[in-house]
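Note that chain A is present in both complexes that follow, paired respectively with chain B and with chain C.
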Partner chain A sequence: MAATTSLGPRALLASLRVTILQFLADPQWIIGSAAAPVVFALAAFEIYRFSSPELVLFAILGGGMMSMWAQTLYGSGWAIGQDRFLGTLEPTLGAPVDYIWVVGGRVIWNTVSGLLGGAVVVGVVALAYGRPLPIHDPLLFTLLFVLVMLALSTVGLLFTAIFVYSRYAGFVQNIGEFTFYVITGCMFPILILPSWTRPFSLAFPATWALEALRAATFTPYQGLSWGVQGDLLGTLVLSLAYIVVSIGLYRRVVHYLSDTGGGSSDDY
Partner chain B sequence: MTTSPAETGRMKLRPSFWRNFWSNAIFAPRTSLSFMRFDFIVGQIFVLSFTQMLFFAYVAALAQNATTPVSYVVVGNAVATMTYATVFAVCGTTDSEKSSGTMEHLLVSPANRIALYLGRGLVPLLVALATVSVSLTYAVYVFHAPFPASAVLPAIVSLVLTVVAMVGFGLLLAGVALWLRSSNQLANIFLFIGFVLAGANFPLSYLPVSLQWAGELLPLTWGIAALRASLAGAPTSTLLFLWGMTGLEAVVAYAAALGLWQVFERRAARTGSIVRF
Partner chain C sequence: MSEPAVEVRQVRRTYTSRKGFFFQEKVETEALRGVDLQVQPGELFGLLGPNGAGKTTLVKILSTLLLPTSGTAKVLGIDVAEDPRRLRPRIGLVLGGERGLYNRISARENLRYFADLYGVPAATQAGRISKVLDTVGLTEAADRRVEEFSRGMKQKLHLARGILHDPELLFLDEPTIGLDPKSARDMRKLIRDQVANGVTVLLTSHYMFEAEELCQRVAVLSKGRIVARDTVAGLRRLVGGDRTLEVEAYGFEDAEVRRLRALAGVSRIVTEEFGPKQRLTLRVPTGGLGVEEVRAALKGRSEVEIRERRTTLEDVYLDLVEEEAN
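The block that comes next holds the complex of A and B.
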């Protein structure tokens, strides 16, 4: 047991290293997660540009977040799906280390590459804007942007575990993409959505982080009534809850796969 | 004029055009188009189309821009939803052939290529028509886009022409993908590029002139313009021009797709380098 625990960080680093090397060997895959957000952000930017500079920021920030969302959804779905598809799930589960360490390395890289993709989207739209962005505190903006990404990665962690139980991971990734964009208010404040959708929006830590970012750096911005501190607290609490639930789920996933043998499958 | 026994034998070996067409139309959904699962198709027709329109409707509502009202963007997106079935799916058949190891057999097959490609495009064409029909229903009944009764016939002509042209465009990309290691990224890029260059969400005049020209090379651009003109009750001469441009793009796309396949087939026979993924 002690040996298993001490192997964990090594397994995490090894998984991270291999994931990075695989990405560098074939970096075209970032196109998939960045192409759509760049395009959607440019489309929103063109619609917003004649309205106000603050709305341009919505397009820029929203595009970055969409890219991270795409990376989170697709990357996390694939974090376990790849083992099922390639037939490496059995030996990986048989290794003397908790599976979450292996998946953790992949999720960390998804987070980083999502951030890279987000930065690309922000760069492209900012370039199209052709003027200095109306950001009053660039440092705070950057810090909160990273917070949005971290909040998103906890969602990815949870989705990765949930997707094991379902044959519809691909369906959720492909068909549910816009639903997440709408619910989390990527390109517009969630206040303009019908009030019955609010619980769904607030169930995602990324929504809180995004609200914090907008409330702290956009002027003027009509955000949620509890203000930036409340948004940050919500982000923290929900992110931690997602992590705790994910860890519990991973343990169940390993048992589930051992019990049912529902591991390797093309239909992931 | 007499036919030699060898020629007669070759002719018997070659399946008829329609047999080839229907074989591909029926079997492609289970083979090269097998990634178009039933749940994906249903989700694409009923869910994805709606959420995509909803997303841009909220963007337009927040912007309150007089030239891009909600009704403008939902109609544009209703037409653009066809790209999932036409461009992405059709382009993806090349990868399917390569990864399942059937590309070699296809290349040595005596099957008529036109029948083969047209047949393969039939199911995506029907799915695209269903998607755009449901999307337009959402546009009218959920987002309250105007749709006068007099526009029904011109709208049907516009949509059918656009779907046919877009399948041709997807086949063209599938031809280009023969030369690439993977069609996935190409399909991804062209799946979404129409959202910016085709005028789905804002007038092309917002873009720099070079991008406007690029947009005019896409059949989706003319298809969206034709549908908007149909809904606006544009004169017949305008509609004929837009339909003509959509039809022209369709003809060019199918011809270029067949040309590309011929070029890459010859190259494959010479170098054996086509079956890579």
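The block that comes next holds the complex of A and C.
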């Protein structure tokens, strides 16, 4: 039998594969989850459409971020929720591999589908605007856009662990959704928030990634940005921290499940 | 004697659930109250008991899904609480039922996923999957979505997953529940084949005939305690006889029941009522009390019907559970 340590990456790929197969078996649900943010972003765009191109871009970005975040939250709830719902949690926990690898595969898929959703939002609104947006460096813009989603994924990983304590899942999901819009400054500049919210914003890797994106896009940009490079470093450090905390948290979660017998409940 | 495949000592398990708006109210359920159990390698051991007895709880503890609240459980010499990761590749678990499978993908894909999780060597994986699909008779349905499967097919797929990584020991929780008689028989055959291949099996069941047909030894669990543990024949002796006499009439008088009870060789009498009729069930040993002696003891009652049959494990089980309830 293979050493259990080498099982992780294989389990991650297996989980990703099954997630994609499940998606392909029933791809239509994505229309619903992608449509809502588009509508939302179009509405926001209507408000800003006669402002400066910078403001329009700001609104578009906000819409894209909201879409990605909604996907992350939904996805991380479902990452463990599906195993509860299907009754596959116990068979999976009974396997000789850390559950975090299985979740990891699903988080990767969420990242990809979140990016697609975000790109669709940006694309649709940019089309509706019908004029070129002030993106000076499309390549950098794209890379940073992807980075935001990667940063969001580490948050998703952490949130999934929290969702295990299932009775609070819905609560966390609702609070989380709207908190994000506020603390990352999706819809209005982060600077107009009261200063006590700042630590919350800064504790969130996606804020840094988003600030990097904005700093690179809007010149001059007034936000929390420490310059693109500083923001990148912040994103990296915080994302790693989230992964490390997640690993520890998953150990606790699995212990919690075997301690309470909660692995069998399906009350996602 | 070699080391036992399963060794359970004084295992207790309490579930704590919370109620109320703020989950402030604690409710404790004692599912296992000091269980001792040994299963030998190569054995097919049956764990019986009524609903809520704690069978699933014990199986989950032994398969590392649940921690015992106290006591120790060793499987294949490994403490389930201390080293679950080392144990998992060596055991298989079938919790069964309608759930527990990825419905939107095929049976083969389900198995491929779990083969990866269990580290079935990549080189031999496809062959191994085809083989277990064949073993359980799902070759033709292998590439259909699981959501199209019947209950029996799902159960077979559960078993296929359980044996996929070639475990030394299999835990089967109610492997034939919900199956029609033919599928249940197929499943029992599959289980026997596993044992013939040297796999140790611990199964739980509600069906006494099933345990009787399959198991060398059984334990009866009731309210979290093992109330009996023996071979099927031994259990029959335990409740006083391998023959059962059923005596039916439109009501018995207390004096009559006392007279029957006093007869030599009657170890116990169970009284049941159905409709206007009353039935006394007597357990008697081979060579003990016969039909004629009972008829004589009930002199003058021509409408009495007396039947003799072999004591089944079902009888034993009901006696034990009833005893526990009193």
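Everything that follows uses one rule, which is that the second predicted complex is superposed on the first by the 259 of 268 C-alpha atoms of A that agree within 3 Å, B and C clash if a C-alpha of one lies under 4 Å from a C-alpha of the other, contacts with A are read in each partner's own complex, and residues count from 1 in each chain.
As a convention for this text, a residue touches a chain if its C-beta (ideal position, glycine included) is under 8 Å from a C-beta of that chain, and two chains touch if they have at least 3 such contacts.
Keep in mind that this is a model prediction, so the values were computed, not measured.
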Fit or clash - chain C, chain B, common chain A: fit
First (chain B), second (chain C), both or neither touched by A:I243: neither
Which superposed partner A:V146 touches (first chain B, second chain C, both, neither): neither
Touched partner set for A:I175, first chain B, second chain C, both or neither: first
Touched partner set for A:I162, first chain B, second chain C, both or neither: neither
First, second, both or neither for A:L133, with chain B first and chain C second: neither
Overlay on chain A, chain C to chain B nearest C-alpha distance, Å: 10
Common ground on chain A, meaning residues reached by chain C in one complex and by chain B in the other: none
Residues of chain A that touch chain C when the two form their complex: 1-2, 4, 6-7, 10-11, 13-15, 17-18, 21-22, 25-26, 86-88, 90-97, 102, 167, 258-261, 263-264, 266
Chain A-touching residues of chain B, taken from the complex the two chains share: 37, 39-40, 43-44, 47-48, 51-52, 54-56, 58-65, 67-68, 73, 182, 184-185, 188-189, 191-193, 195-196, 200-202, 206-207
Interface residues, chain A side, partner chain B - complex: 28-29, 31-32, 35-36, 39-40, 42-44, 46-48, 50-51, 55, 58, 168, 170-171, 174-179, 181-182, 187-189, 192-193
Chain C residues within the chain A interface of the complex: 15-16, 23, 57, 60, 63-67, 85-86, 88-90, 93, 95, 97, 99-105, 109, 112-114, 116-119, 121-122, 145, 161, 165
